[in-house]
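To keep things simple, chains are lettered A, B, C and D as they appear, and every chain counts its residues starting from 1.
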Amino acid sequence: MEVRVQHEDFDAGAEIARMRLARRDTGAVACFIGQVRDLNEGDEVALMTLEHYPGMTEKALQNIAEEAGRRWDIHDALVIHRIGELKPAEQIVLVIVSGAHRGEAFAACEFIMDYLKTEAPFWKKEQTASGERWVDAKASDDKARDRWHQS
Amino acid sequence: MEVRVQHEDFDAGAEIARMRLARRDTGAVACFIGQVRDLNEGDEVALMTLEHYPGMTEKALQNIAEEAGRRWDIHDALVIHRIGELKPAEQIVLVIVSGAHRGEAFAACEFIMDYLKTEAPFWKKEQTASGERWVDAKASDDKARDRWHQS
Amino acid sequence: MQTIRILYFARLRESLGLSGEEMPLDQALSVQALMALLAARGGQWQQEFDGCRPLRAAVNQTLVANGSMIHAGDEVAFFPPVTGG
Amino acid sequence: MQTIRILYFARLRESLGLSGEEMPLDQALSVQALMALLAARGGQWQQEFDGCRPLRAAVNQTLVANGSMIHAGDEVAFFPPVTGG
């Protein structure tokens, strides 16, 4: 389980290749990429700034990835999250999970994203034509996380 | 919605980049890669041969991708499936789904894989030390598909 | 003369030693009836089409149930449960 | 003298005009009690810490409930609900 919080962009293809070739018993790789959309709540987004809590953010991501590893039979998980200023179409987050079978890789990957969205200390500020604004947390993200309490 | 059935390998990173940059309102890209494992049911696999039904296979994949597009609010889906002889660690299948939000991209991606596994005419033959054998269909794959009937 | 085209895939193709054939067809018949005709050839044919082994059928490249009807000009395919992905 | 370190992030940091501070701490107190102390500073502090705005707290880099205790030497952080990913 590896997590990285960084300003630099990442190469999703290279990371996926590395993960899938790390073990010859890996049959499934599920991955997710989040990127900056040009529109949010009806306003054009010119720039997005991602703030984090150095130290705690890395710890939170590590805990989430390790919890995924306890819940599902997976081989490895990688989480990369960018910070700083990002323009529309820039990549924000990459999650890759490898495993023997697809069901567990998919579940672990979605679990990591749902917990990252609600538990990892990152905050987004958008610059739009009408000024700067902090992005509000969404109730739908809490709901997505809470699904995992039952399973 | 695009599907390809081909002998050649694919470049997952390039396909993901193309999908995520195709629309500036895309915020989420979910993807899955299946690859040949070195072991199956306890036997070392030296080579896997993938047979298909030319014409029907492409049609079945197209139908599955389009059904995903009807069920979820996604931007696009791509399915690439290889045929012919594949060695351990070679890529078999790539599914990429783009959309505004992660929940729908994840669901559509997993749906496509579950239906591909049970409805698309592909057959795997393995070469092991004890000879050739056709891979048996798994009841767990039917179960994975049947989950989607309820939602 | 009117015919249908029958295709065999994967384990079935190897077991029958045949990837496809043309068959005369005067009047529509069900998939099940065609399977009975094929099983009646005996040997491997009987083993594959007696209904004991899991088998799927497609007519004109669409999966169908055994009660579906086959008409002249149709492309019929038989194959084991699929195992791609 | 014993102290705790308090950190403010995102909207809170901007609203308070402060990213962190050291505060003397003689005996353990709850997160809730610390929030009451901060709210008592009035102005923006009252608005942010009166409990009306959604706020999350971490002690030593772990999310905690408002009843959790804070001890000398702890790192306490306050921030709005997170919005990464």
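Observations, loosely collected:
Note that a contact is a pair of C-beta atoms (placed from the backbone, for glycine too) under 8 Å apart; a residue touches a chain by one contact, two chains touch by 3 or more.
Small disclaimer: the values here were computed from a predicted structure and weren't measured.
Note on connectivity: the fewest steps through touching chains from chain A to chain C is 2.
A straight line joining the Cα centres of chain C and chain D is 72 Å long.
Centre-to-centre separation of chain A and chain D, using mean CA positions: 26 Å. Separating the centre of chain A from that of chain B, both taken as means of CA atoms, is a distance of 23 Å. Looking at chain C, one finds that residues 85 touch two or more other chains. Each of the following residues of chain B touches two or more other chains: 34, 102, 113.
Pairs of chains meeting the touch criterion are A-B, A-D, B-C.
Touching chain A in their complex are the following residues of chain D: 7, 9-11, 54, 58, 61-63, 77, 79-85.
Within the complex formed with chain B, the residues of chain A that make contact are 11-14, 16-17, 20-21, 24-39, 88-89, 91, 100, 102-103, 105-106, 109-110, 113, 140, 144.
Per the touch definition, chain A reaches chain D in the complex via residues 34, 50-53, 55-56, 59-60, 81, 92-93, 113, 116-125, 134-137.
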